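The next block holds one structure in the form of C-alpha cells; read it before the comments.
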Amino acid sequence: MKISDADRAEILVRALPYIQQYYNKTFVVKYGGNAMVSDELRDAVITDIVLLSLVGINVVLVHGGGPEITEMLEKIGKETRFVDGLRYTDRETMDVVQMVLAGKVNKSLVQLIGDRGGRALGLCGLDGNMIKAQKKKGKADLGFVGEIVDIDVTTLNDAMEKGYIPVVSTIAGGDDSNVYNINADLAASRIASSLHAEKLLLMTDVRGLLRDKDDEDTLISSVNVSEVPALKKQGIISGGMIPKIDCCVEAVRRGVKRTHIIDGRLPHSIIIEVFSREGIGTMFL
Amino acid sequence: MKISDADRAEILVRALPYIQQYYNKTFVVKYGGNAMVSDELRDAVITDIVLLSLVGINVVLVHGGGPEITEMLEKIGKETRFVDGLRYTDRETMDVVQMVLAGKVNKSLVQLIGDRGGRALGLCGLDGNMIKAQKKKGKADLGFVGEIVDIDVTTLNDAMEKGYIPVVSTIAGGDDSNVYNINADLAASRIASSLHAEKLLLMTDVRGLLRDKDDEDTLISSVNVSEVPALKKQGIISGGMIPKIDCCVEAVRRGVKRTHIIDGRLPHSIIIEVFSREGIGTMFL
Amino acid sequence: MKISDADRAEILVRALPYIQQYYNKTFVVKYGGNAMVSDELRDAVITDIVLLSLVGINVVLVHGGGPEITEMLEKIGKETRFVDGLRYTDRETMDVVQMVLAGKVNKSLVQLIGDRGGRALGLCGLDGNMIKAQKKKGKADLGFVGEIVDIDVTTLNDAMEKGYIPVVSTIAGGDDSNVYNINADLAASRIASSLHAEKLLLMTDVRGLLRDKDDEDTLISSVNVSEVPALKKQGIISGGMIPKIDCCVEAVRRGVKRTHIIDGRLPHSIIIEVFSREGIGTMFL
Amino acid sequence: MKISDADRAEILVRALPYIQQYYNKTFVVKYGGNAMVSDELRDAVITDIVLLSLVGINVVLVHGGGPEITEMLEKIGKETRFVDGLRYTDRETMDVVQMVLAGKVNKSLVQLIGDRGGRALGLCGLDGNMIKAQKKKGKADLGFVGEIVDIDVTTLNDAMEKGYIPVVSTIAGGDDSNVYNINADLAASRIASSLHAEKLLLMTDVRGLLRDKDDEDTLISSVNVSEVPALKKQGIISGGMIPKIDCCVEAVRRGVKRTHIIDGRLPHSIIIEVFSREGIGTMFL
Amino acid sequence: MKISDADRAEILVRALPYIQQYYNKTFVVKYGGNAMVSDELRDAVITDIVLLSLVGINVVLVHGGGPEITEMLEKIGKETRFVDGLRYTDRETMDVVQMVLAGKVNKSLVQLIGDRGGRALGLCGLDGNMIKAQKKKGKADLGFVGEIVDIDVTTLNDAMEKGYIPVVSTIAGGDDSNVYNINADLAASRIASSLHAEKLLLMTDVRGLLRDKDDEDTLISSVNVSEVPALKKQGIISGGMIPKIDCCVEAVRRGVKRTHIIDGRLPHSIIIEVFSREGIGTMFL
Amino acid sequence: MKISDADRAEILVRALPYIQQYYNKTFVVKYGGNAMVSDELRDAVITDIVLLSLVGINVVLVHGGGPEITEMLEKIGKETRFVDGLRYTDRETMDVVQMVLAGKVNKSLVQLIGDRGGRALGLCGLDGNMIKAQKKKGKADLGFVGEIVDIDVTTLNDAMEKGYIPVVSTIAGGDDSNVYNINADLAASRIASSLHAEKLLLMTDVRGLLRDKDDEDTLISSVNVSEVPALKKQGIISGGMIPKIDCCVEAVRRGVKRTHIIDGRLPHSIIIEVFSREGIGTMFL
C-alpha cells in the first residue's frame, strides 16, 4: 500500500464523524461463519473489535461455534440423531457444545483480544445468571435446545462499566438446572435489544441481502423493517436468510437503532461498515 | 436432627465472632478431589461458598479438573505419553484440558452457585489477562504445562467489588500465544497472596496433617510455617502432602494470614473450619 | 450442648435462605419489657442485633424506658399525679424521662453493642430534627406527653449508610421548643413505615397472640391485618394487646412488609423469629 | 442599634477574609461555665455555632455539665464523698453524671441548634466507640473518673461529612465495660488534635490570660506555647488557669493550629474572636 | 466607623437567616451601568460576589460592556451606522464587541475576583456551546445582533460544581458560524431561568421602580408580576425601565423565585439587598 | 482520492497501537504561525484536535496571537516603541494583546471546535488563577512582558475531567494586579510539564530541525536532549529555532515524555505525527 501521509490523515479525519456519533454507544457483534475459520479473517475481526473499543464504543461479542463442535463430536465418535430432519441434542452432545463453546472458542477469543491489547471477559448465559432458558417448545423434541426466557444484562453492564469487552457463549441454564444451547443469532438479537444497543452487526457468509442472489451488484444497502414481509413474499428474502433477517427485524422492533448483515468473508468488514457512509452490507432500520 | 430453637439460636450466635472477624475479608478456596466427584459433597461446598459470601466474605473459588479431563481424553481415544514418568501435555490434550476446565467444570460451578442464589463469574487466567504463564522449566519437556510468570488480580477485584463470586480455571496464556495448564494448588496459593487474602483453604482427601498417617486422632491442628522443614525431615510431611503444604507455606510467606488444609470428604468442612474455634483440618500460619 | 460439627454446619446452612432474603433490608426492633430488665436477656438481644447487622440487615433499635424511670422518680421523691386515672407528666418528670431514656438507657445500649463489636449511634427524636411532636390531644391534659407530627428519617439513613446501628430514644421536640415523651411502640411503628422497613419486631412479655390467653399452645402464628377487627370483637385481641397490635396493623398499612409480636422473655427470640420458617411469635401481614 | 445599611454591608464585607481563611476547616468549641447558665448567653453561643457552620466551618461542640449535675445529685440526696480533698465519683454519681450530661445537657443543645435551623447529633464517647477510657491513675482512687486511652474520630468525621454539628458529652467506656467521666477540657483538646482542627476555643469565665489578674486591660492577646513555662514561673499563669492553658498547649503541640481562651460571659464571644483581627481573648500558637 | 464588637457580632448574627435560606441556591447577577465605571463601585461588587460565594451561594455573573466598547470603536475610527434609528452592528463592530467583552471586560472581572480570593472562570456563549443564537428577527436588519435560540447550562453547572464563579459575556454563536451580540439583560434572565435560579439581580442606575420617578421616597419595594401590565398602563413603568422589568417578569414566569432591580450606584447594594429584610430595590415575584 | 475500502480499513487499523498507547494521556499543542493564518490549515488543526479528543486523548490547546494583534494595533494607530531593539509593551498595547488573544483568537477557536462537535472552554492565565506572572527581568524594561512565577493546573484538570478541551491564551496576572503577556511557547512548555503531559507539540513554520537548513531532506527525526548543546555549537540549532528547542528541552527535563517540533504548514501534521511510526517533524526525548 503506497498511500501518502496526507491521504492517511484524510482517512482518519473522515472517521471523525462516526467516532463522534458512536461515542459511548453499545454495539453487539454476532461473530460466526467463515470469519471464525480463517486465521486471517479472525485476526481482522479481533482487531476491529479492539479498535471499536478504543474509540469509545462498548462492544459485546457474541459468538457461535463454527466447525469445532462437529470436529469434537466426531472425535468422540458421537453419531448425530435426527428427529424430523432436525438434529437432536442429547446430554452428551450438549456437554460437548458447552465445552467447545464456553471452554475453547470463547476463551480463545478472549486470549486473542488480550494479545491485541484489549481486556476481555469470557462469559456465557450462566455467568451472573445472565440468560435464563427453557426447553424449546415445538413439534419435535430436540433435546437440550433451548429458548430464551429472560435476559439480565447487569453482568454485561458491570463488565463494560469496568472497561471489559464481554465475549458471550450462548448457552444458558434453566430452572430445571439443565444447560441449554441457544441459537447465537437470536441471543445476539435479544442481548442487543436488552442493552438498548445502537447497532447489532450479524456476520454472515454472504455479501448482504441481494435482489438477485447470484449477482452481488444487486446488494440492497438499506431496508426498512416494514418492507421485510414484501421482500419475503417476492422471494428476495429466502432460505437461510430468513432467520437471520428475522433476528434483525426483531432487534429493531425492540429498540436497537440499526442492525446490519455484513459479509464476514471480507477482512475488516466491521470497520468498513461502521466508519463509512455507505457501509458494505445490508442495514435494517 | 432434633435441635431446639434455643440451641439453633445458640449456634448462630456462636458464629458471630467469626462473622465479625472475617467481614469484608477475602478467602481463596481451592476446590478439588472427592468433593468434586460426589454430588452431595459438591452441593455442600457450593452452599458453604454462598453462605460465606452472604455474611460479607469475598470468596474466590479456584478449581481443578477432577476425573472429567481423564474421562474426556479416554472418549477421544487419546493415549497419554509419559516423559521420565511424567505425563506429557501435547496440544490436543491441552485443548481438552481447556475445554473441560473452562467450559465444563467452571461453568457448571457457576450454574450451581447461581441456582443457590449467588452470582458467580466463570473466569480463567486468560480473562482480563489475569495470569501470564510460560512453559514450565525443568529437566523434562512436559509440553503445555506452564508456570506462572505474573498475576494481575484487577479482574478478580473488579468482579468482587461488583458482588460476584469469581470461579477460576487455572489455565493461562503465554507471550507465545499458547495456552498452558497451571497446577491449581499453586495458582490458588499465588492468587491468595496477590489478593492479600485472609485465608487460603485447600480442600484435600485427607483429614489434615497427621502425626501418624494411619491414625486420624493424631491430627496436627496448627503448624507454624517455620516448623515445616523439621516436619519434613521427620517424615510427617511426605508424599503427596509435600506440594500441598509447600503451597500453604508459600502463601503464608507472601502475606496470606492463614492457610488451611481441610478434608473435602466431610460435608460442609469449609463452614466448620471457618465458623468454629478448633477448626477441623490443619492450619498453617 | 453436645451438638456435632455436622449439625452445627447444618444449622448455619439452614439460615442461608433467610440471610439471602433479608440482605440489605431494614428491620426496626422495639425493645422493652422483661428483655430490658434481665441482664441475660439483654445480652441476648444485643447479640442478636449485632448478628443481624453482620449478615447485612440494617437494624434500628427503638427502646422504651423500663423500670429505670420509675426508680429515678422515686429517688428524687417525685410523686406521680394522676388525671382521670392517667399519669400526668409535668416538666420535672419529663426531665427525668429524658435523662433516663436518652442519657442512661440509650447510651448503655450503645455501649453494649460497642462491646460486642458493633458500632452504634445513640439518638433521640431531637437529633437531626428526626421526630417533630406536639402535645397529645385528648380529653385529659397529660402534660408533656406528645404525639408525632412528622418524622424525617434522613438521620437514620445517614447513620445506616455509614454502617452504624441507630439506637433511638422516643423523646421529641415541638415547635414550642418543649420536649415530649412519645410512646415507644407508636414511634417504632412510624419509624418502620417511614423507612419502608421489611420488618417491625415488637418485643413483649407474652408468647404472642393467643386464641386462649391462658394456653400458650393456642398461639396464632400469622394474622392478616384484615382479620384484626374480628379478633377484637371476639375478645382474642384485648387489654394491653390492643395498642400493640394497633401499632402492627398501622405499620403494615403504611407499607412495612411484616410486623411481629415476639416474646422478649425467651433468649434470642429475635434470631429464632428471623432465621426460622415458623418463627415463634405472631406475625401480622 | 442604629447602623446604616452601608455600615452593615461594611461589617459583612470585613468578615470576608476570615470566612475565606476558615472555609472547610474544623473548629472544636469547648462550651462551659457561665455561658451554659444564662439563657441569653446560651442562645448567643448556639447562634454563633450555627453561623460558623453556615459559612462552611465544621464545628464540634464539646460541653461540660454545669450546675445541673450538682442540682440532680442534691435532688436524690446524694452526699459527695471526698478523698484527699478530691470528689469521689461512685457508681450512683456516675449514673447521674451520664444521665445529666448525655441525656439532658447534650440533647437540649441539640434541640437548640435544631430550633435555630442547624442539624446536630448528640453524641458521647460511647457512640461509635469514639473515646476509650480507663480508670484515672493517681494517688487517690477517685472512682469512675477516667482518662482517655484512645480516640477514634471516625464517627465525628462521618457526622460532619453528612453535614451535622456533633455535640459531644465527655463520658467514655472502658474495656472493663464501665463508664467513666472525662474532663471536658482535656477531651476537647484531644478531639481537636485528633481531628487536626484549625482552632480549639475554650470558653471560660475570665477575660483571657491577664498579666495582672485584677486588671482586664492587661490582657495578653497572644502567647507562643514556648513562653508558657516562663509565664507559669512568673505566676501569671496560676490557679485554675493552669489546667486550661495546659489543654491549649497540649492541643497546639499535637497539631491544632491555634487555641483560644475566650470569655464566655460576653455574648457572641465566639463570633467576635473568629471574625475580627484582634480577637477578644488569649490565643496560643 | 466606630462600631462595638457587640454590634458587629449582632450584624453578623442577623445575616444568619439569609445565609441559611440561600445556602446552595443559585443567584444570577447582571452587572452593568455605573457600577462598571467607578473603581470603587466595581470593587464593592466583586467583594459582594465573593462573599455570596463564600457563604454557599452559587453566583453567576453576567456582564454588559459599558463604555469600553464605544471607546474602542472610537479608537479605530469606526463610525456607527444607524438603521431606522437603531445602531447597526457590522462585522468589524462585532469583532470589537467580542474582543472588548470576552477579552477585556470579562477577563478583568475574572482577575479582580481572583485577586479577592475567589476562583472565577471567564466564559461566553461560545464556551461549551452554552448559548446558541440566530440573527435577530425584526423590521430592521441590525447586522450581528442576535437573539437566543437555545441555552445549555451544562458548562455553568460543571463550573459551579467545581467551585468556580462563572463570569459570562453575552456573545453567542449561530449555526451559520457567525458570532452574535446578545442583550445582556435578556441573557441573564434566560440563564437564570435555565438554572432554576433562586434570584436574578439586575444592577441599574436607578433606585428601583419609583411611583414618582422624581422622588426616590416613592420606591415600590415589591411587585407581583401580575401587577406589571397595570403599572405600565399607569406610566409608572416606562422608558428604559420597560425592557429591564420585562426581563424580570420573564424570569419569574420561567421559574426564577425572585428577581430584583437594584441600584448599582450604591456600594454593596447586592449584599444589602440579599442580607436584609427590606432590601433596597424593587423585587418582582 | 481513490482508496479502496480495504485500504481505508487498513489505515484505521494501523492507528490502533497509537490509540492504545495514548489513551487517557495528555497532549499539549502549541498552535501558531501559518497554521493560524490559512483557513484551510486552521480547519485541519481543529479537526485533528477534535479527533485526538475523541480517541481518548486529553488535549490542551495553547495559542499565540498571529497577525491579528499587529492588525489591531495598526487600526488604532499605535506606534510600536522599541527598547534596545526589542518591542516595548505599554499598557495600551497590552490591552490590545489581551483583547485580541483572549477575546478574539481564543473564543474563535472555541467556536470552531464547537462547530466540529467538540466542547471547548476558552481560558487564559487569569481564569481560576491558573498562571501567576511577574514583570520580566532583564536589562531592558519591556513594559508588560511577563515571565511565569507559578502555574496551577487545577482548572485545566477540572476542565478535562468534565470532558472539555481547554483553549488557553497566554496572558497572566501578577501580584501587582497587572496583566502580563507571556511567550506562548514557554507557557505551553510549562503547562505541559505541570500536567505531566505525554507530549508537547509545537507547531512551527519549518519542516523540523534540519541538518542543512536549506535541505528538507536532512530532517533530524529524533534528538536526545543531551545532544542539544552540541547541535547548537555546530550551528545546526540556530536563530529562531533556539528558543523553540529550548522550550522542548525544558519540557522534557521537567518530565514531559516527548516533545515535537512539527510543520504547521502541512495540513493534519498533528495527526500524521501522532498516528504514524516515523512522524513528520523532529522529536525531542
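In this document, chain identifiers A, B, C, D, E and F correspond to the written order of the chains, with residue numbering beginning at 1 in each.
Here is the rule we use: contacts are C-beta pairs under 8 Å (C-beta built on N, C-alpha and C of every residue); 3 or more make two chains touch, one makes a residue touch a chain.
Just so it is clear, the model here is predicted, and its values are computed rather than measured.
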Inter-centroid spacing, chain D versus chain B (mean Cα positions, whole Å): 56
Between chain E and chain F, what's the gap in Å when you average each chain's C-alpha atoms? 35
Distance between chain C and chain F based on Cα centroids, please, to the nearest Å. 69
Could you classify the connectivity of these chains, where an edge means two chains touch, as line, ring, star, complete or other? ring
Report the order of chains around the ring; begin at chain C and proceed in the direction of chain D. C, D, E, F, A, B
Quick one: in the complex, what on chain D touches chain C? 72, 75-77, 95, 98-104, 106-108, 110-111, 114-115, 119-124, 126-129, 155, 158, 162, 164, 171, 173, 177, 179
Within the complex, which stretch of chain D touches chain E? 1, 3, 5-13, 15-17, 19-20, 23, 44, 47-48, 50-51, 54-56, 116-117, 266-268, 271-272, 275-276, 280
